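Order of writing sets the chain letters: A, B, C and D. Residues in each chain are counted from 1.
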Amino acid sequence: MTGSPSQGVHAEPGYIHQKDNQLKRLRRIEGQVRGLHRMVESDTYCIDILTQVSAATKALEAVALGLLQDHLKHCLVQAASDPRADFNEKLDEASTAIARLVRS
Amino acid sequence: MTGSPSQGVHAEPGYIHQKDNQLKRLRRIEGQVRGLHRMVESDTYCIDILTQVSAATKALEAVALGLLQDHLKHCLVQAASDPRADFNEKLDEASTAIARLVRS
Amino acid sequence: MTGSPSQGVHAEPGYIHQKDNQLKRLRRIEGQVRGLHRMVESDTYCIDILTQVSAATKALEAVALGLLQDHLKHCLVQAASDPRADFNEKLDEASTAIARLVRS
Amino acid sequence: MTGSPSQGVHAEPGYIHQKDNQLKRLRRIEGQVRGLHRMVESDTYCIDILTQVSAATKALEAVALGLLQDHLKHCLVQAASDPRADFNEKLDEASTAIARLVRS
């Protein structure tokens, strides 16, 4: 509960300049998911719910693509000036995240 | 040819027997999105947020696939006994929903 | 080469009326993949290859969505008039195929 | 600010060390697509074709993810030492490619 000390290393994440923008998007997505709950609760027609699920999924994707772009721009490039092994680790980490996005 | 007056009502959507299950899933997803908001707010490392975005996206996909299966099972098959034109319309509607899911 | 006897049951697959259309699409995709091979062979710039990979992936998706729509229209609905257990099996089969598409 | 005259040449693409590997993968995918053509030609059951389409799609995705990883590792990081504007352009280019992959 005291937090992990290494966490503090990332005091300035790559998305720092998009933080307000991303927080707004996530608040909106939370509302979309709450809306989905209401739709199911009130027996809305299946296809109409599916349309809204796709909209929420696309909105989450936009958050992810924004985070990823900021990560490449700031974190990955910064890591490129660190010792070789560390950069490769960062690169694998980013590639894994991209692969997970592509497959989800 | 007599038309389906119940079309506008949808008193019993295809997912009726999965309703509680779907509502629980959506509540959990709402919590996941709220968690994402907290992560961005507290400057969590980009890649850790991306992992959670993928988890939320997969959970939304599971809701969609469940809705779709129930829709095919109940609504589409029921429509197959309606006049031809109506069934084709339902089929196009389902195909469009599937295409949107595949592309999102 | 003797084939599986049950295979012959599907003498008329759901896509029978789209067969020529689907064959043309697949021939075109084969050409796209051969083009990708040439691009890699001649050291084309990574991003330009990625653009063509996305085009080929989308073309394969269009084939899949076409097959799926024809399958729902013909095979699944036909199965709905068969004994219950059989229809549920067909439905699970279709749902699995859709889930695989959504996740790939 | 002197610009990068080598931009148009790309004599050594990012995937140079994975070239043989990628060429083998693409040859295999070409065979998979030809196999799909044969399946449709011989009226194979819809669902069995769909399974193979998903396999080919996944194989194309693996090619794309490999190209992308090599691109980030070599091209993008190299661009980071170029004048600012140029790097941002490269970054946008990579982000667009990733977004296209995620959405296809």
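The working rule: a contact is a pair of C-beta atoms (placed from the backbone, for glycine too) under 8 Å apart; a residue touches a chain by one contact, two chains touch by 3 or more.
In this text the structure is predicted, and so the values were computed from the model without any measurement.
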item	value
Of all other chains, the one whose Cα centre sits farthest from chain C	A
Type of chain A:chain B copy interface by residue overlap (half), same or different	same
Chain centre separation (chain B, chain C; CA means) in Å	23
Length of the line joining the C-alpha centres of chain A and chain B, rounded to whole Å	21
Euclidean distance of C-alpha centroids - chain A vs chain C, Å	31
Residues within chain C bordering two or more other chains	61, 64, 68, 94, 101, 103-104
Residues on chain D engaged by chain A in the complex (per definition of touch)	61, 64-65, 68-69, 72-73, 76-77, 80, 87, 91, 94-95, 98-99, 101-103
Residue ranges of chain A touching chain C (in the complex, touch as defined)	103-104
Touching residues on chain B, where the partner in the complex is chain A	10-16, 19, 22-23, 26-27, 29-30, 33-34, 36-37, 40-41, 43-47, 49-51, 53-54, 56-58, 60-61, 63-64, 67-68, 70-71, 75, 93-94, 97, 100-101, 104
